[in-house]
Every structure is written in C-alpha cells, then in structure tokens.
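Presented sequentially are two complexes of subunit A, the first with subunit B as partner and the second with subunit C.
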Partner chain A sequence: MMPNPLHYYRPDTITEARDLFEQLQRANQRPTYYGGGTEILTRSRLNDGDFDAVIDLKGIPELHVHEQDGSRLRFGSVLRLTELADRDLWPFLTATVDRIADHTTRGQITLGGNLFSTLPYKEALLPFLVSDSADLTVATPDGVKQRRLADVFDEELRLDPGDFLISVTVDGQEAKALAFKSFKMTRQDWIDYPLVTIGTARREDGSIRAAFSGWSSFPFTSSRVNKILSNTQKPPEERAREAVAAMPFHAVDDIHGSSEYRQFVTQYTLARMLKELEAQS
Partner chain B sequence: MTIIGTSVPRKEAPNKVTGRARYTDDINVPGTLNAVIVPANKAHAKIVSMETEAAKNVPGVKAVITGQDVSVLCGDVTEDRPPLARDKVRYSGEPVALVVARDEMAAHRAASLVKVHWQDLPVVNTIRDALRDNAPLVHEKNGEYAVATPPVYPKKRSNIADEANVTKGDADQGMKNSDVKVHVRVSLPQIDHAAMEPRIAKAEILADGRVLLHASTQAPFEVQKLIAKYFKLNPGQVIVTAPLVGGAFGGKAAVQLEILAYLASKAVGGQMVRIVNAREGDMSTSPLGMGLEAEVTLGATRDGHLQAAQMRFYMDIGAYTDSAPRIARAIAAQCTGPYRIANVHTDVFCVYTNHTYTTAFRGFGHMPMTFAIERAMDELAHTLHMDPLDLREMNAIRPNDVTPTKARLTRSNLGDLPQCIEKMRPLIDWNGGKVQSVGAHRVRVQGVAAFWKTSSSPPNAVSGALVTMNSDGSVNLSTGAVEFGPGTKTTAAQILAEKLRIPLDRVYVHEDVNTQVDPEHWKTVASLSTYMVGRAVVDAANDLIGQLKSLAAAVLRCSPDDLDYGEEKIFVRDDPSISIKFSDLALGYKYKEGDSIGGQLMGRGRFIIRHLNLLDEETGHGRPGPAWTVGIQAVEVEYDEETHQYRILKAATVLDAGRVINPAVAAGQVMGGMNMGLGVASREGVHYDAQGQFLNQQFRSYKVMRMGEQPQQYLVEFVENPQLDSPFGARPIGEHAVLAIGAALANALSRAADVSLNTLPITPEQIWRERGARL
Partner chain C sequence: MKSLTRPEQISFNVNGEPRDVVIYPGETLLYTLRGDALGLTGAKPGCENGDCGACTVLVNEIPVKSCMVLTPEVEDQAITTVEGLQNAPIQQAFLDHNAFQCGYCTSGFLMVGHALSQDVDNGSPERTVEWLRSNICRCTGYQEIYDAVSSVAHPNG
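Take a look at the complex of A and B:
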C-alpha cells in the first residue's frame, strides 16, 4: 500500500528525461529516477522517501546497452541484475550481483538502481572499484558526459542533482586480466543483507585489491589495505589479520552482526579468498 | 471402510492451489470503508495531547477515533488493554488512533498526519529492567484490573502480571539426595507467528442492531462473546464468520482487530469497515510469541535417575497480559518435560515490559519451556558421560506416574516415549551423539530432545457437529472449528465418512465458520480439533444412523434393531436383499401413493471436555488436559569449527499419534512444525533498540527459514498407541513438532562447538561469542 499519490513518467529519450526532471522541479514537485522500483516501493510502504514523482528510465534505449563496445565492456544502467548474470559479460560482476537479494527481486533490480541505492550495500560497485578503467556515462544538462568512476566516487557515486547514469564501462582487457573472487557473508541466511561482501582481484602484476560492502555504511576500497593484501611474502592469514586491523573505517554494529563479529568474518573470509586466488595462479 | 489411516487430499486443496479459495479479504461488500491504525512511535510515553484536525481534513476521511473515545479495557484473562491507548503508550506500535476513510490510501495519508505530543517515560526493555527494585511500572494499576478468567495473581506496584507455581515432593531434599546437579540458564527472544495471511477484520452494524464480523481468527466464538461483553450486546446479536484462514499459529486466537473494526463501524453509523494489517503492523502492533528467560537445576543419581528439579521461568509477555497467565500455567504443569521426577519446585512469572504484547504461539509455551529442560537434560548426559537418548529413555514418564501437578497418567492418556525413542535410533542412525570429523575443520553431530504437551484447555471447552442429508443421500457437515491449514475439516469429514460407511467425497464440509449457524467450538487451538470435533462428529453420526434406522424400520416393517447399514443403504441384517437407500430416506420417505413420512434427517453431536480442573493456587495441583502427546526429535548438523557456520542435514521426529487419521497430512504437519521450530532456533527473533523500538518488522530483517535453507532431509515416523476416549484413538499432533526440534539443534551444536548454547537464535555469531569471541 502506497499511501501517497505518485506521478509516474516514462520518457523515451535521454533529453526528455533530463528536461522532465527540471520541469518537475520547477513545478515544485520532488522527482526521482526510477529503475526497478524495488526500493521506491518498499520505502513507500513505510512513508519513507522524499519524492512525489518518478521518472522511469527503462524506456530509453541507451540505458539498455549490454555489449563489448570496441575495447570496453558497457553495461546500461537499467539492465536487470538477472540480465547481467544471464549474459555474463564480466564474470566478476556476475559473481557479485548474483548474490544480491533473491532471484525474483534480481529480476526487478537494475544495475543503476543498485549503484544509487539508498541502502549502504551497493554491491555492484565492488568490481568497478577495484578496476582502474571504470567510467560512467552520465546524462547532464550539457549532454552526455564521460566521467572516471574514481573522480565521481566519494563514499557514493556523486552526480549533480538531475543527472543520471546511462551506463558503466570498464576496459575489456583489464576486466579479462583480473583473477577475481566475490564472497558474500551473511548472519545466517543465504538471502540476507551482507555482514560483508568482498570483491577481490589479483592483477597481472600480482598485486591484490579488495573492495568491501557491508563493513561500513558505504562500499570502499583502501590503498593501505590493498598494499597489505599484496604482500605475498606473508601468509594469507597474516595478511588478512593485518588488513582487518588497517581498515580505514570502523565496522558497522547492527542487527545483522556486531562490529567485532564483522571483523572476525572479514578476516577469515579474506584469508580464504587470498588462498583461493593464489592457488589459481 | 478404510478412510481412517488413508492419505487423502484436503477438501479445500483444489481451491487453494488454483487461487480460488476465499479468505476474509476476498469477501467484498460494495461501499466498505477502510480503517488504518496510527501506531505509537514510542515504547513508553505519556500522551500529552493529540492533534487530529489535519487527518480529519483529508478528503475521504469519515472519522478519527482516539483512546479518549473508548473506555473499555480488554483482555483474555486480565482486562488491562485499551483497544486504543489512553493516557500513555506501553509499546512501540501500539494503536493510538484509528482513521476511517473511504479508501485505504486516504486513511493511510490521514493516519500519517495524526500528531501526538509525548512525554517520554523510562523504557522497560528487558526482563531484568522490569524486575529491578523501583523499576518503572508498565502498569501503575497492576493488580487492580478486572479479571475476566481467573486464576491470575498479579503483584501490585511491580511488573509481575502473574505468577504460577507447582510443587511436587520436596525439591530441596531431592537435590540433597542427588549425586550430580546441572544448572542451565536459557534466554529466548520474542518471535513472530509469521502467518502468510496478515490479520484482518471487517465489521458492520446493521439497522436491526446485529453486528456482522468477518475475521481471520482461530476463535470466532470468542470474538462473538468478547464483542458482546465489551459493548454490552446480546451474544446472538453478534455474528462472526471465519472463512479459510491463511495460517494462524496461535496468533489469531487473540482478539484485537475485531474490536477496532467494531469501533470503526460504530463511528461511521454502522457501515462496513475493513481493517487489515500490513506485514509491519502484523509484527509490531498485533501480538507476538513471548520471550523467555529461565533457570533450570536438575539433580540426579550417579547412574542417571532424575531426583529433583528446580526451575524459574520469566516470560517476556510485553505490554499486556492477553493469554500469558494460561501459558504460565501450561509451563508450570508440564515443566519437567516427559520425565519422571519425584521432587519438583517451579515458579513461572509473567513479566510486563515495553515490548509488543504477546499471545499464544504454536505449542502454547511448551516450545520455550522444552528448550530449557532439554538443554538441561543434555548437560546432565554430558556430565554423566551418558548417551543422551539412553538418559531420556531411562527417565521417561510412564503410565501410573503422576505429572508435576499430580495428574495421574494412564496407558490411554499418555503416549509411549520409550517406544518413540526405540524407533528414532534407526531412523536417524543414532551414533550416541559422537562428534565425527568429516574434513578440515568440519564435524558432524547428532542431537536429540524429547517433548510432551497437553491442551491446557478450560475445563468446560465444548464442540459440536451438525450433519444434514442431501436428496442423493450425501451429507453436509458443519462444525465450529476454523480451517487454517492442518486439514481440520478434512479430518472431521474422514471421521464422518468412516462412521457412516460412505466414501469421503459424499461428505461436503461447510468450510467457513459462522457463529449463527455452526455449532460452537471453543477455539481452534491446542491441537484439540480432532479430539473435540471428532467426538462431536461421532456423536452426530450415531444420531443420524439412529434416525436412518428408525425411519427405515417403519418402511421395512421391522425393528431398528434388525437393521444394519453400508453402501448408502439400510438393510435387514439377516437378509440384506431387504434394503432401502439413504437417498430414499434423506428428505423423508415417500410411499408409492405419494404420502410421506420423516422429513429431512439431521444428525447432531456435541462434546464437552471432562475431568479437567483449574490448578490449585498453593500447590498448583490439578488436571490441565485430557491427554499428553509425547515424542522425540533429532537433528544431524555439519558444523565448521573455523567459521561456526552450520548446515542442518537431517531433522527427524517420532511421535505417538495414537492413530494416524490422514498420514500424508500428518507427516506434512510434522515437517512444517520442524521447519518452524528450526527457523525459530536458528534465525528468528525480534530486535528492540535501547529505546524499545521494534527494529525488524519486515521479512527482509525478521528472517524466517526460506525454501532452500531447510534441512536436506525431514524424517517422520509415528507410533500408534491409542488414546481410548478419542475418535479411533487419535492423539493431538498439530503443534507438537515445533516443541523440541530447536533444543535438539542446540544440543547437537553444543556438542559440536564444545560450548553450551543456551541463547536463541543460534547464529554463527552466537556460537562465536560463546566460544570466547576470538578473532
């Protein structure tokens, strides 16, 4: 039951969508972009959400792109998580998004919806966070712009109000060269929010990077932690222990698990991931 | 006939699987208004003032009702609960106002505009908080409320809503005579019933003064009585219908939304008003299952014979009493579990907190109670280096023993636990509870726990059955038991078909319950429907057979004593060729000449529980139920010593069913029970924050077991030792499979992790914590 009336728009082009947002704002409405709707609908049940108009982006063809575009892998922002997994263009991304929610819900949730979620997790970010080449294609008032993910990401993807994500790309060579592991750890259930989801990648030069979701109220990667993990002189258990001690943020304490337990889980999971990654090479 | 003991599909199954089955919200009357609850967002606070103007101004809003408009106090035992909070709120989620509007959306919008000015009060957030000296009082008037159904012993100027005690023998002396003692403390959170269909009620007040209520309830006759009592109506004026119910688990034995629906209808001139819980409100506003903290001390001889038990149970009943005093007495009466213990002293306390109030939950207190006693039994086995199954078998309570309340046990009123245990050994491939290594850091372990339960029903519980005949000789069966999943109506139909010697498809059941036309059935609770309804059905069948014979005797010109029946005919016993079909008698017999005798034949049957009594205030002695169902449960888990994660490989139950009436449905009921009990033990539980706010009122955060997370194997076996006063010897089995399976899991994991796991739910974090929280 959604107690408040909601205006629904479904533009056909990027320009229409971008203009519509501004028009609605000028008319004193509070628009928001709409992907799969899973969060908007569930939050509305609780009267939680500062919007009275939604702009459904699924009618815009550019947001459905899902291909190897020259040297780059391109993922449209309204692709459903199940579409990403079925096509499996980037197995690292598949492994990560395929553990979000349950299959029915993944058939609704879009890539953009997950990346711009109001929940802390946004697991789809993790593979992009450990890549050097991740770019965002963004609709802005001045037309379609490319932005480096590293320039836009600061605890979350920071776009200007009214701008929206068209697609995310990553260099195909880089993506292919990453040996990866993606583990989601929960309190007890297969289907639950993560205590921690970890995406780890081993690069061609042997260095290791890890990105974390659930540990903090936003996903992150840390150069200090990556440096520790990359020191293959030390056994995985020791690196994992040092990495957990060197995390740049405090672990969250909530109903899913205590801060200390998150540390424990992260530590053994990291150790296991390092072992598996290094056994592969 | 072979209908009893045959697996038959439930009568309502075709409609359920095709989506055609009708539940309360499928009954739609044009023009129905919608009521929405305004829930408190404070756990304990004075209501200084309320602003309802903005809500009243929302287009479509017909009425806004607050606690100031309602003076009645409600309660199953103690009348301590205002339907809408007055003066103060006692839990977060408590209804403070009710908005009635043309449509649900307007009602929701208006509800969000009702403003309450609060003055915060200190929150009683745990049992410990509640029992502290000078603890803030949840109820300043505790001990002064009217009591609807004694007994209840509240303690004034405290948060103790009730206390129940049982004493048998001399527990102190028994402890002195014991070679070993074990002491266990357990802690269990409040839990949600999680029925698929949230609670709902619809009410209208007709111009002639009759009140029509439709509700998803286990207790339509209770709703009728309470609405009549609270609002000074004649019971006959109140007509309650309960269609199919989408799961209940005890949570729908409480009466809450029905009262609000009546108040809402009254506020709008009697129009039909619908009130339905969203999932969030079904969890935080409507009653939960209780939380429990308990301490159990067992004393035994060196060879494992139990000598004494001392126990204290503290129930987190939340903000209002509801059925807690009955549950407290059920716990007291069965506190030893299915064991022979000569010396017992047990105290049970109902403790008010600023948590959502609680009511019956599948097992009626026996599930948390069983967890406590069965953890203690395993600790005892561990201390004595005994096989936990052997210990249980050696101490199993048997005929001629007496229960803690000194009720005498017989071969009929007690199931055979030793026989169940003997059957469990091969079923689970019992290895004595040894920890078996199955790879790096991985072990497999089995755990067991036993249960017993009786009904704890009032000594005057009634049931009835009406059987009418159709022109073709088939019959209609009307009973007062609600159908919420376990096949109650089908079981009743099987009993009738067997008695009338007709095929099951010749029995048409009245699926809904309507208090105006269906005979009264106390409440569809306590696993008693087969016993109580079944007895009434047998009585009705005998009545109908008598009528058939007496009419046939006139037609066939013989004595009714000469007659027998079968294949839908009445025939002369010594010459079956002289016969008459049921169909020729059903609506009266018509002679060739056209003149007729008889009229429609209808069998009526009734039943009232016998020989029960209330427990004595001093000693707690008395007889709490007609019979005790017993059983043993086991699990096999695989546990990772490094991560503390585990998988449940097998879950098994053997129970004494007396006689299995519908094997497939009975096995399903037992598997469902195990699933529910394992869910409770492994992941469920309400979380409150430091201010008493309910934190997980959605299934995304209140975790129940999902498909795919269940054990790889569910194993179910029955033994059959008849309960002689029950139809075909059937024993109650509806609730029982939830009772000990959680304890069996805790027992297995405690062995696996080599640490006592006495706090639910047992998550990997919980095990890690108990093992010292080492990084």
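Take a look at the complex of A and C:
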C-alpha cells in the first residue's frame, strides 16, 4: 500500500488531464502523470517520489493509438511494451523493448513511462534516436503540438512542466528501410539492468548509426561514433575499438560493472553487431 | 473523469463474481485482494517491488504483478486470482511434476502457467521460458516448474 493521502485521477480527455495538472498545482498539490505505474509505485514504496496525486493517462483514447497513420508509424504513449511487441509495427522497436524487464512487467510498463523514466536506461529511445524522422506529439497549454525529438532531447526528453506525451511517430519508409540489430548485455542474469544496450541501424546509403543505453547516465547517439562505425574500409573489430575510444562520455562505473568492463563488453558487442549487420546486406 | 481523493467504493469482477470494495486511492491491488473485505490471500507479498512475481494475478486474463497496480486502475475489470482456478489443468500439472517446494512462489507461477495454457496455439518452449522469467523461486525448483507449465502450455513439444 502506498503512503496516504495519495489522490488518484483518471481523466477522459487530453484537455481534462492538462487542466487537472495545473489545477492541482494551484491547489498546492504535487501531481505526476501515471502510465503503467511500475516506477512510480516502486519509488513511492521507498518514499522517493515528490508527488501526492497521480493522473492516470490510460483513460485517454489518443494515447492508445497504434497504427500506420499515412506515411508515419504512430505509437501512443500508454501502449504497453508487450502491445508494441505483439503488434510488431516496427521490428527495431520490438527488438529493443522486448529486452526491457521481464514479460509480466512489460505487460505493465508503457512506452511513455519508459521514455520519461527517471532511471538512466530508457531503452525504448534507442530506435528513435538513430532515426531522422522521430517526432513527439505533446499536450501543452496551447493545445496539441508536434515537436521534433531531436529538438527536445538533451540527455533526456525535456517537456515543459505539465506537458505530457501523447504519441511518438516515425516515418514509415525510413523505419522500414533501416537494417538493424539490438543487443542488451547484462552482467549475468537475463533479467537485469543493462551493462550496455546498443541499437545499431544501417541506412540505405550504407552509413551506420548506433545509440547506447547503460554506458552513461542517459542514452545517447554520437555523430563522431557513427562516422567511425560507417567507415567500412576498416574491419568491424577496428571500428568497434575506435568507436569505444571516441565515445563522448565516460563509461559509468557501478554495481553492474566497472567502467573498464563496460568498455570491453561494448567493444566486442559492437564488433559482433557490425559483422551481423553487414552480413545482412 | 474518475477521481478518488478519499476511501471510496469501487466495483470489479473477482474470480467471476461482481464485488464492491471500499479502497484507499493509494491502495495496491495486492493489498485490496488480501484485505479483510476479499480475504484472497493466494497472491503473496514477496518483494513488493515487481521483481519476484509471487503476487501475480490475471487482469482481463493477462498476468500482472498486483503489487505494481493501483486498485483504482482495475475498476470494472476482471481479476482472476489463484483461488479462481477451479480444477484448471495447470494445478494437476504442478502435482504431477512435483513443481513446488516451500510453495510461496507457487500461486504466482500457477497464474503465469494458466495464462500460457489459455493460448496453446502460440505455445512454444521459448515462449514458456520467457514468460516464466517473470517469477522467482528461491527454492530453485525451476526445472519441475518448467516441466509442469510446458505440459499445458505447449503439450505437443
């Protein structure tokens, strides 16, 4: 049981949710948006949550959208990770989210919850980070707005307080043209936080992009690393070694693995991924 | 808009029966199920952190860890707990394969196994392993549990 008093609200519309957030703030409450609840409830149990009201977004139909909308693939923010995998609209996204947590928990975690997690990993971001066309549809005080993911991503997705994610879209042609590999490496157990999760994609022009989670305290992609990985004049092992040396951030040193071990695992995993990607073509 | 700011009565269906229960807004489903009003203590509090799976129940036939769900979220939905399994094949399978030791994790494993047994057409050893990774048995009786669940989840191999 969560500490009381915790207030629970389940709005039916985007406007209701957005207005409610401001209304609760004006009443000196500390609201937070609520999707699957796995992280919020875990943090509440540890008294590590600065909120006393949850706004459950699952009652809003627009946040459940899961479709090819014209030329774009659209993923609603309260879709469960298992729903994304079962429908498999974008196999790169499926391969990445299907390694988050365990199967039962993936039936509870939502896409939006993962993207806006306070944990460092946010693995669902990786496929969107390597694409050029990822957009966010966001609820703001001025109505529903489109934002380029690249414009709001700075170590994390930064929305204004009270704004919330409605859906993420990506160009369907770009998504389908990406040959991809997604590997999650853990220290020992299959179910664990990652030492490193890597999403790599080979674009139609032959260039390679990679995004990393677990290496640092936030997910990232790096144009310098991508340039090294794309230099197919060099063998995969050499490119992987150079890429790890050129990472823009230090590898974290934590309970899951030392910085040196992370570098070692990332290097051999990258080399393997490059070989497999290039063998596909 | 649904709004709960104090103890209030909500309705849902538990094991095939409509039930009305007064809950606090911040109550987890695990707490509500095990409370005096329902008294369904089959779902076990283990880690209460979403890791162990001992509290697994079905919501609309999908396994969920009830320690990770606020009760207001499941208003008007169908909950199945281990008490709701009446002569389900998974129960006999656990007996046949001696798939328990201390028994604390058993109800969670039964619920995952029961959910798998409801979709045999998509059953496979890989799927069974993936679903069972959601639960922990500290007595480490995994092989017997896997054998029991496999016998109902993908009976043809």
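Basically, the second predicted complex is superposed on the first by the 279 of 281 C-alpha atoms of A that agree within 3 Å, B and C clash if a C-alpha of one lies under 4 Å from a C-alpha of the other, contacts with A are read in each partner's own complex, and residues count from 1 in each chain.
The rule is simple: a contact is a pair of C-beta atoms (placed from the backbone, for glycine too) under 8 Å apart; a residue touches a chain by one contact, two chains touch by 3 or more.
Since we're looking at a predicted model, the values are computed, not measured.
Once the two complexes are laid over each other on the shared chain, residue contacts for A:H7 go to subunit C alone; subunit B is not touched. Of the two partner chains placed by the overlay, only subunit B lies in contact with A:Q263; subunit C stays clear of it.
With both structures placed on the common chain, the touch criterion links A:N28 to neither subunit B nor subunit C. When both complexes are overlaid on chain A, the residue A:V54 reaches subunit C alone and has no touch with subunit B.
Using the contact criterion defined above for the overlaid structures, shared-chain residue A:Q233 touches neither subunit B nor subunit C, since it reaches no partner. Of the two partner chains placed by the overlay, subunit B and subunit C both lie in contact with A:W190. Contacts of A:S223 after superposition: neither subunit B nor subunit C is touched.
Taken together, the two complexes place residues 1-5, 42, 45, 102, 190-191 of subunit A in contact with subunit B and also with subunit C.
Of all the residues in subunit C, the ones that touch subunit A in their complex are 1-6, 24-28, 31, 48-50, 53, 56, 62-65, 67-70, 72-73, 112, 130-131, 133-135.
Within the complex, the subunit A residues that touch subunit B are 1-5, 42, 45-47, 102, 187-193, 241, 244, 255, 257-258, 260-261, 263-265, 267-268. Listed in rising order, the residues of subunit B touching subunit A in the complex are 104-105, 108-109, 111-112, 278, 280, 642-643, 682-683, 687, 695-696, 698, 700-701, 703, 706, 708-709, 761, 763-765, 768-769, 773-775.
Residues 1-12, 16, 20, 34, 36-38, 41-42, 44-45, 54, 56, 58-59, 101-105, 107-108, 190-191 of subunit A are the ones that touch subunit C when the two sit in their complex.
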